[in-house]
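Several structures are given next for inspection.
You will see chain A twice below: alongside chain B first, and alongside chain C after that.
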Partner chain A sequence: MKAKKVSNAIRLTTEDKVVNGVAIFIGLFTFLVTVYPIYYCLIYAFSDGTMAMAKQIYLFPTSPTLDNFRAVLTDKLLVNSFLISVARTATAVVTSVAFTALTAYALTRKELVGRRIYSMIAMFTMYFGGGVIPTYLLYRSLHILNTFSVYILPGLLSVYNMLLMMAFFRDIPESLVESAQLDGANELKILTRIILPLSTPILATIGLFVGVGAWNDWYTAAYFINDQDLMPMSTILMKLVSAADAARKAREMLADAGGGAGMVKKGTTSVSIQYATMLVSIIPVMCVYPFVQKYFVKGIMVGAIKA
Partner chain B sequence: MKKWTKLFALMLAVVLLCTALSACGQSGNNTPSSKPNSTPQSTPESKPESTPESTPEDTNTVTDGYAYEANTEPITLTIFDSDPDSSFLRWGENPASRRTTELTGISFEAVVPVVDDETKLQTLIASDDLPDIVTGNYFDTCWQSMISNGQLEDMEALAEKYTPKLKSELVDPELWEYCRSDDGKIYTLLSCFSTKSHLQWLEDHNFLVSSNQPCVLIRQDYYEEVGSPEVNTPDEFIDMLLKIKENHPDCIPFYTDGQTRTGPSYLRWLFGVCSYYVNPETKEVSSSCRDPKYLDMYIWVNKMVKAGLMPEDNFVDGYEEAEAKITAGKPATFMSVVADGGRSPADNPDTIYYPMKPWNTYEAVRSNAGYLKWGVSVKASDEAKDAAMRWTEFANTELGAQTLVWGVEGPADGQWDGDFENGATFFFEDDPKSPNGRKATWYSGYYDAMMGDWSGVCKKTGLCCYQNVSLTNQIYGDMTQVTENDMLKEMNEWFAPTVRYDNALYFNLSDDPAVVYQTYVSLISEYNIKWAYAEDEAEVRALFDEFSQRYIDAGEPILNQFYTETYKAQGGA
Partner chain C sequence: MAAEKVGVAPRGGDPQHSSSRRWIRFKRQIPYQLMILPALIFLIIFAYIPIAGLVIAFQDYSLSTSYFNNPWVGMKHFQAFLKDATFWSAFRNTIQLSLLRMFLVFPMPIILALALNEIPALKFKKTVQTCSYFPHFMAYVVVAALWKDILGNTGLVNNFLRQIGAIQDPISFWTDPAKFKILATLVDMWKGTGWNAIIYFAAISGINNELYEAARIDGAGRFSQIRYITLPEIMNTIIIMFILSIGGLVSGNLSISQLLGNAFTKPESYIIEYYTLEVGLGTMRYSYATAVGMFQSVISVILVLLANFFSNKYQDVGLF
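Right after this comes the complex of A and B.
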């Protein structure tokens, strides 16, 4: 006699099935609309630029080629800009997190005279900015225009990040600090030996905020840097798009150059190179993100509840 | 743990110290200003690599007594160029720029915007931090700010001081007068300005029509299928398109290259509607919509739309969609410029798009009054002002045109050998109607290479990259001067009789006229679609009346008065 198979699966009601179906549909839809643009970049970047334009690709590359990546990776300016992006992001993460931690810790200490005034001044800058021209004048008088410092010094302290960090520091039991003081530890020791080791989630979160911000920031170089060798990749990418726009406008205005007899143009186009550059520029962030995204979520929660 | 903390603190200190110190470094030339180079730019990479027959000195160019010859001290000028991909960013990377530096001592450092707007220039203006030379589009609104702020030099005074021959010999007096401001000074010079003598030269050489002449291009395979009919009127064009549509129902019978989203654009030329309308009796100048032919044009557009010959692609597509569709070969005919003649559709590489002969309604009143301005900043050092004028002088000589546009001279019976660095690209032929009695012509091989990959070849040679912000006199340096092309010859036969030039029809708007103009542009944008998709001709007319009244209410008389007065002041007939 055969033993009856017993199924451990939970029997789903019709309602459950409908809800699951809707959830799966929404999940798939969200997945599609977020992933497809990146996929489109990918297939366009691997296609012959002109043929991709002519054939309207959707799912697969057409006339597959590595020419677009070759154009990006052999362009000295683009390679240099990638290195600048890496350098400024790494430097910004280290310096900004350190400065923010120092400031946030100081402002959480009740012993600091005038901390309310400091906080108010800092908060003021969150709501009121000078705009491009006063900023330009300030940087000029600081002699940081057209130098690498313009990426680092103005971004040393973000008030928003500082508030997040202060909220986290306030959660650390004061008794820990008091006991360290009883043992003779000074403020720097307390910060480096007790507070910071207990604050790795917020340090990682703010490091991520700063890193992503620095990697994506094209604006600073656009207005405060003239030297092409100091341009980060995001700015070069923006310039590629703008140059295509400018060329288009010039064509509409002047329409003075272009085609020749009996030719079928083939090869890279400004659009295909843009997509290849985009891919190259997002790869580092995509590699790092999975490892730090849990901190990102935590950081958002800290900001939502405490700040 | 202690060790790691110390290491971290040390690393942080080093990073911050380096960052802070970098602000004091040499690269921090935040104020874009010129700097005399301490050593000549004579690195192996920057040496002009000329063959014996190609050295500029060997040509029989008349260059006696020019200021650029007298002073070749190395100097680097800073230049603002509104093009994010400016060729000045690559100064020294191509033979043309290297030869220029060798001949004049002048190099450039470019300041360019990253995004295609005026914010960067406005920042430089507001902070009084302009580079030595400022260049930009004629219509950029920043120019008036720079002039009223006193940030630009009087170029006439600079020419008299530093480069007398620029004023007395090289640049046509017509241009100086055209560029003169109300206060009597000349703050900017214009490139691509066609003087009367230049237009005469073009006529004499059968080159009045250039590659930018608007036209209808037709797929030759489709055209031959319907018997290559002669099209003399807009209605005959409709008849032909209906036949093509029968054969190819999936094609776009007529396509405006993404240009008719907000207005008629090139379509105006097909009906002889100019950018402005000069009333032949009263001589009052008004917007083009006051031309009686303007309404005829939209009645025709409406007829085309109703017959399914101008699908909605014409009114929604942008540049990229248009490029994609034309490259794919979707349109049977499309509106563009003659330079697009010869493109093959991807679906049939054995055929080409070729311009159609102009219809009986085609007429073009053109204004070649320049489109790029450049001026010298008052904050530039004396050396920089001197060098900026020497650069302008050099670029307007025959040697300048050769260095910046024509390339390396070769024998009349020679040919281009494919060498972008040192290969001869042009030859001189005797021509009594040209300055110095000779005319430059590119070798056909080089011209074909240019047409095949214009920007690629320009980047390699540097030719045609810099003349827009340096050449004022179009006889030297005009690309038509060095072009020998069968298609352009044919286009001149077809289109030249339909073209008339009127440089007075060029207006730089500000204040109230600018506000009215913007309203006009918005109204055209709104009614463009309404006219196209109206039920019938009667509705088009009714809508036009409605538009007309709204335009009058928006202040049309103010704009007309401005146009008329300016036109007269600019010597309009």
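Right after this comes the complex of A and C.
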């Protein structure tokens, strides 16, 4: 593709220009459509809610304020849910990556008798499962409903992630393992001292997958948790949105009836607080994203080429 | 454990040691089997017990008993839901949303990957790529809330259209059932296109450059290069991804349905998963809901197998 660029620089045919034009247009369009809504979320969260409601904002916040964030950070439920999200994400990443790595390593060892059967047992679950009701009943009889463990235990192993990891482990030269074995290292030591340090890209990728999955999951808490204090931010946000929907509808109805004008007090609105909450829930992902980005692209590409 | 290779060979012909040799081999297996054991237990508990739990679809299950000692009722629940109009409306919505996903959402990542591959400015290309992944990492809850507000009655789009005088009254995006499916599909597209393009970027970057060079020497233009090199080279990837998506024909996305849908659009947003949860966990008809879920998973397995069979037959690409 480098050669192509050189020839581009030398002479551009009409066809080249058309292709470049269309490609750049699609790229620009994708960029704007992706970035602008997120940017809009950002400027709304920093805007005065009533002002933003009175006059639509497009590019800059109106009467910039931190009130929306103050409202989020003083809300006990939101702060608690944020901490729950952090706790479940951190726990899930550590436990799931460790468990997946152990299993993937064992399955790539040629010495393991029954490797094929074990792989088949695992792969089968990718295509067929019991569904939500038997799963719910299982959690019920395990007594993990409405506990923190319902976030962690079922996610310990994902077969898909395991396959990605196995593809990566297979590329590590066997001679490294063999020489360690000759030195008398046991399997656990080989895994933690040799295999894992060489596998940072895939560990980061799978850590990211698990982390993002845990951070964004609203479903588990919506169906398997009753206790408000155990609910993560995504589930609380979902409830907030439907509540805000209802509130907005009520306000619009009031406004239609002619009595709504005096109802809105200056400063924050349910919409502006909602945007601030959304931003707070995106920020951790945004912070981690640039650092793991290079890994996950590499990791997933290795997996994609192998799979 | 390389010692195994060294140690076993000389003793191989000695029958007297066969039992102790077996013992040694068994002992060597212990660490490996121990490493796989936790995963095996995990899969049995969290994957196979729920599969075994499917038997309650053929029983009248009640919470006071266990999976296996309930009265057997045969296909009663299957017959019941197949006669239920609500189920069929959920079924129809699920299929329609999946078809939209397969024919509108599916090609987008391919187009994006092909387009970005043609962009001459590397920096710009990388920036677009990096940004386009990002929505994948946003919670569906956030994405849904964002688009619900932007397309809301007093949201960005309606306000803008009113300001430029294009419309008088706001367009009701999310309360009009007729618009739900296409809007939900667009939101899905927004969230997933960049991320799903990664696999095609990978496939394209794996293409041998000599092919392009040879084509250029033969006088092929950029269009011909896309048409006769890039596309055919990533065709296998496209087919595999398509096969995988066929299995999802009867599965819906609960996030779309529950987070973007509302009371107004329920006739269009109600999908099988939603139905299962509502009758199962909502009204506690566990056996009935399990029957619905089982029907759904069996169909998707059959679809995956069929799709795989046909692609093996005609294209020599398959999953297994």
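By definition in this document, the second predicted complex is superposed on the first by the 246 of 307 C-alpha atoms of A that agree within 3 Å, B and C clash if a C-alpha of one lies under 4 Å from a C-alpha of the other, contacts with A are read in each partner's own complex, and residues count from 1 in each chain.
Everything that follows uses one rule, which is that a contact is a pair of C-beta atoms (placed from the backbone, for glycine too) under 8 Å apart; a residue touches a chain by one contact, two chains touch by 3 or more.
Treat the numbers as computed from the prediction; the structure is a model and nothing was measured.
Asks: By residue count, which of the two partners contacts chain A more extensively, chain B or chain C?
Replies: Counting residues of chain A touched by each partner, the higher count goes to C.
Asks: Looking at the overlay, does A:181 come into contact with chain B only (first), chain C only (second), both, or neither?
Replies: In the superposition, A:181 contacts chain C only.
Asks: For A:128, is the partner it touches chain B (first), chain C (second), both, or none of the two (neither)?
Replies: The second partner, chain C, only.
Asks: I'd like to know which partner A:238 touches here: chain B for first, chain C for second, both or neither.
Replies: So A:238 meets both chain B and chain C here.
Asks: Check the residue A:15 against both partner chains and state whether it touches chain B (first), chain C (second), both, or neither.
Replies: Second partner only.
Asks: Look at A:109 in the shared chain and tell me whether it touches chain B only, chain C only, both, or neither; answer first, second, both or neither.
Replies: Second partner only.
Asks: Thinking of the overlay built on chain A, is A:24 touched by chain B (first), by chain C (second), by both, or by neither?
Replies: second
Asks: Looking at A:160 after the superposition, I want to know if it touches chain B, chain C, both of them or none. Which is it: first, second, both, neither?
Replies: neither
Asks: Of the two partner chains, chain B (first) and chain C (second), which one does A:218 touch, if any: first, second, both, or neither?
Replies: In the superposed model, A:218 contacts both chain B and chain C.
Asks: Could you pull out which residues of chain A sit against chain B in one structure and against chain C in the other?
Replies: 53, 56, 132-133, 136-137, 140, 142, 153, 218, 223, 235, 238, 245, 248, 252, 271
Asks: Name, in rising order, each residue of chain A that touches chain C in their complex.
Replies: Touching chain C from chain A are residues 1, 3-5, 7-8, 13, 15-16, 19-20, 22-24, 26-28, 30-31, 33-35, 37-38, 40-41, 53, 56, 58, 99, 102-103, 105-107, 109, 111-114, 118, 121-122, 125, 127-138, 140-142, 153-154, 156-157, 178, 181-182, 186-188, 212, 215-219, 223, 234-235, 237-238, 241, 245, 248, 252, 271, 274-275, 278, 281-282, 285, 289, 293, 297, 300-301, 304-305.
Asks: Under the touch definition given earlier, write down the residues of chain A that touch chain B in their complex.
Replies: On the chain A side, the touching residues are 50-51, 53-56, 91, 94-95, 98, 132-133, 136-137, 139-140, 142-149, 152-153, 192-193, 218, 221-223, 226-228, 230, 235, 238-239, 242-243, 245-265, 271.
Asks: Within their complex, state which residues of chain C touch chain A.
Replies: 1-4, 28-29, 31-33, 35-36, 38-40, 42-43, 45-54, 56, 61, 63, 66-67, 111-112, 115-121, 124-125, 127-128, 130-135, 137-142, 144-150, 152-154, 156, 159-160, 163, 190, 193-194, 198-199, 201-203, 205-206, 209, 212-213, 216, 221-223, 226, 237, 247, 254-255, 259, 262, 273, 276-277, 280-281, 286, 289-290, 293-294, 296-297, 301, 304
Asks: Inside the complex, what are the residues of chain B that reach chain A?
Replies: 1, 5, 9, 11-12, 15-16, 19-20, 22-25, 27-32, 82-85, 89, 109-111, 113-116, 119-120, 122-123, 126-127, 129, 210-212, 214, 259, 319-320, 323-324, 327-329, 336-337, 339-344, 346, 349, 352, 371, 448, 450-452, 454, 479, 487
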